[in-house]
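The structures considered in this document are given below.
Shared between the two complexes below is chain A, which has chain B as its partner in the first and chain C in the second.
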Partner chain A sequence: MPVWLIRPPPLLSRLLVFAVLLGVWEAASAAGMVSRFIAPPPSEIFPAIGLLYVDNELTARFLRTFGEVFAAAGIGSGLGMAIGWWLHHNRTAGAAYTDWIAASAAAPLVLLFPLFLVLFGRNAATIVAMGAVSVMPPVILKTKEGLDHVRSVLIDVGRTFSLTRWQQVRMILFPAALPTIFTGLRLGLVFALINVVGVEFLIGFGGMGLMIAELGDRFEIAGMYAAILFVVLCSATFFYLTEKLETWLLSAR
Partner chain B sequence: MSPSPALRISRVSKHFETGKGRVTAVDDVSLDIMQGEFISIIGPSGCGKSTLMNMVGGLLTEYDGDILLDGKKVSGCQPEIGMVFQEESTFPWRTALENVAFPLEAAGLTRDKRIARARDLLDLVGLSGFENHYPAELSGGMRQRIAIARTLAFEPRILLMDEPFAALDEQTRLLLGDKVVQIQNKLRQTTLLITHNISEAVQLSDRVLIMTFRPGRIKRVIEIDLPRPRSSEMMGSEAFGRYVAEIWQDLREEASKGLHDAEAAARQG
Partner chain C sequence: MVAVGQVKSGLRARTRFSRVTIYRIVALVVIIALWEGAGASGLFFRGVIPSSVFVTAALLRLLGDPVFWGHFGVTLFEIVTGFAIGSALGMLGGLGIGMNRYAGQVFEPVAEYLASTPKVVFLPILLILFGIGVGSKISLGAISCFFPLALSIAAAVRNINPMYLRVGQSLNLTLTQRVKMIYLPALTPAIATGLRLGFGIATVGCLMSEIKLSNKGLGHAAMQAYGRFDIPTMLALLIVIFATAALGNSLIGRLIRLPGPTNRRVTHVPR
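Moving on, here comes the complex of A and B:
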């Protein structure tokens, strides 16, 4: 047996596991062990992705959802970094509120959607606002953590060169904290995608989330799974690209 | 009339309030440093050497007594006093060249001017050819040389070095000592060095100050009357050995006190 099959490289290993799972699913469906109505076999789901383009304006919905995701990520990241900075700068506030924010990061904030519906109405503003709220906790926590852990000797170097407060932030604090802040931004982006699609689904408005809801309502189960699979693939691609960007940006450290 | 000192430390004391009461770290230290002079301060751990350095550098501003630079009181960090730290202090996100150019960038120099100056300084510390390397790609000794070049970029009147080679192995430390001698010969930089290493102090200094263990006072000042330039090859000479022995004789008693104090603290848990 070839070595690559006994000890496959990580990418091949992942693909093999994925293929095996699909095969088991297909076989279980063919054998009648899984209802085709509840979980159609992969052989029906994959062709349905093509139909999403034709029948459901996949591109337009994709662009709409990702527009909302980026708007939410932008707003949430900006506010999150500002609050993270404040919690780092104000030690009392940091000690008082960091635990609350950590708790909110673990809470299912998506359940607050009725409140946002009342505040903003059934429109894109609600989706973006809920996405932004979900982005903020990881960005706040990682910004504070990154700034808190900047080595004091680097700050002392800045002091000996008589840097202004703004120069300290721009030339030392922020670059030194960037790797940790970037982790928060990546997490925030993923949280934004999850929450935007989730809220679209719940309030029946927007792009991909609404499409999944509509397909479900029409009992186009293969199409619904195809749409879910598409969102998962987008999310994984998103995560992979930001990971590569992070590696590239921080490669020299 | 004798020339006025570049830096005057006059009856400086520093106390810290701790959970166990008031601790005097530095007690009534006075010292005049003349322009172009290289002075080393040597003493056991915990004798207040770094505290004194931080006061001179402006990182500690509350103390008794006066620290005067050209007759003006030092009341905080200022560009005329540059510091090289014991800890690794290069910026990991900047190349060697960008690290050295850092203070010039902060001061608003044009890119061309700061890059030209940074190249000259990298050449001075023997790092030509490593301009585009990041600190992570360089050895500890090279990183400390970048930190020295970065501090020199601001052309400080006084250069303070707080055990800059403490984390390096002995061979690298000896070679860097030679490099500091070369820089000193070229720039005639007024320098105050804190060190634990007696040979290093003798090789580099015009005067060596021995400090007592807690509270830190100046126990003795020894003038090093050895011909310059002094390379590490000189360390084998009889005269060099005599200075090392003389300093160790004074330092040994203080180092023993420090050791006993550390052991007593460990026993108390």
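Moving on, here comes the complex of A and C:
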């Protein structure tokens, strides 16, 4: 038997596995082994994505969620990069607070949302604030790490050219630290999406997270599955794009 | 001269240490002052930012309340069970896609993309499947911590020194022996990192589902406190949740760092 039949290209195998799983699900549903109220068959879920456009203003909700994600990522990365720069610049502050930031990166920060809920109320400010808080730890840590590990020979070259402080930052420190900072920004964007959708779902406000909660509350099971599938596809595409953007930016440098 | 130099650097280190401590104390004082100031400023609604005295009082009251310990027990049970199931499956999955190159090429991208999705969106499905009791919380915790474990272990399996694997082959080790004597010891750091990440994420998964829909647990208690605008109790519950997460994290770190007897055997392969 030829090798490509036993081991087809990975992408093809992946699609085959999905097709088999969906087929088994559809067959189990048709045979009455799985209740439609628990898991409607794929043939009902996929068309329901189309219905989400018509009945549930999918585009508006999508734009709203991503608006919140980018607002949170913008605020969180701006503050995070500034704090990361400060922790690099002021060594005592770096020694005092870096451990704290690392601990907060491992902490379940999203569970702070009730605090933001009482501060800002049930609105977009709570969602954006919660997203921004979750973006900050990876951006701070990666910015500091990137700046700390700029090779000293590069800094010395800057000195021999008598660069001013600002020129040193703009022409040497920042470009050299950029790859590490990008890793932090990409992690931050992914965290922003996870937390924004999560908080939307929990507080019942905003875009795609709210849509899933509403469909679940109305027991529109096929629509709910379709909405969950749409969110999973959106986050996977988002992750893929940030990965590609990082590779592209770093190779174009 | 050497002695003088050592004394000087020692002094410098101590000054740096004390300056670090001062910076930390200042930060804590500033945070508390900002909190108290914001509460007293009138910028927020009354009671939204309660004084830290009230929060401490609420915390002490909670610690003496058997109802609180009931909620605490339920949440702890959910987190530990979800974490145990998710991490066991995650380790198996990670070994599977790490040890077989082709399986890695097929399934690892899927695992990566799923890892970056907000898991809480699966909660409605889990609620239909397992009801509003502990089942839906445990399963969300397990799903959440499956991915970091699987991905960190798969990456670590691929980074194992190929010489160890060749030695295993030339000694005709069985699969179980290879896993026990080569993979597990070489993977200890990755398992430790994965477990710590996974514990945090399992905590988030369980607590988020408690907050959304439940009738017991710390998340439920926090939302009840929010509902009757008892902000000091809500904040005290958040403090308990964060302290539990931090304690679990450091406990896992300590447990894994203990050098196992099997560690030595493989890290020093005779040349």
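The rule we apply is simple: the second predicted complex is superposed on the first by the 217 of 253 C-alpha atoms of A that agree within 3 Å, B and C clash if a C-alpha of one lies under 4 Å from a C-alpha of the other, contacts with A are read in each partner's own complex, and residues count from 1 in each chain.
Going forward, contacts are C-beta pairs under 8 Å (C-beta built on N, C-alpha and C of every residue); 3 or more make two chains touch, one makes a residue touch a chain.
Just so we're clear, the structure is a prediction, and the values are computed from it rather than from any experiment.
By the touch criterion defined above, A:Ile172 lies against chain B but remains apart from chain C after alignment on the C-alpha atoms of chain A. When the two complexes are overlaid on their common chain A, residue A:Val153 makes contact with chain B while staying clear of chain C. In the superposition on chain A, contact of A:Thr247 is made with neither chain B nor chain C. Residue by residue along chain A, chain B and chain C are tallied for touches, and C comes out ahead.
In the superposed model, A:Val231 lies in contact with chain C only, and not with chain B. Of the two partner chains placed by superposition, only chain C is touched by A:Pro114; chain B is not. In the superposed pair of complexes, A:Leu163 makes contact with chain B only, with no contact to chain C.
According to the touch criterion, chain A has no shared surface contacted by chain B in one complex and chain C in the other.
Against chain A, the residues of chain B that register as touching in their complex are 57-59, 77-79, 81-83, 85, 87-89, 91-93, 95, 102-103, 105-106, 134, 136, 150-151, 154.
Taken together, the chain C residues at the contact with chain A in this complex read 16, 19-21, 23-24, 27, 44, 48-49, 102, 105-107, 109-110, 112-114, 116-118, 120-125, 127-129, 196-197, 200-201, 203-204, 207-208, 211-212, 219, 222-223, 226, 231, 234-235, 238, 241-242, 245-246, 249. The touching residues of chain A, counted against chain C in their complex, run 7, 10, 13-14, 17, 37-39, 92-93, 95-97, 103, 106-108, 110-112, 114-115, 117-119, 190, 193-195, 197-198, 201-202, 209, 212-213, 215-216, 221, 224-225, 228, 231-232, 235-236, 238-240.
Taken together, the chain A residues at the contact with chain B in this complex read 151, 153-154, 156-157, 159-163, 167, 171-172, 175-176, 178, 250, 252-253.
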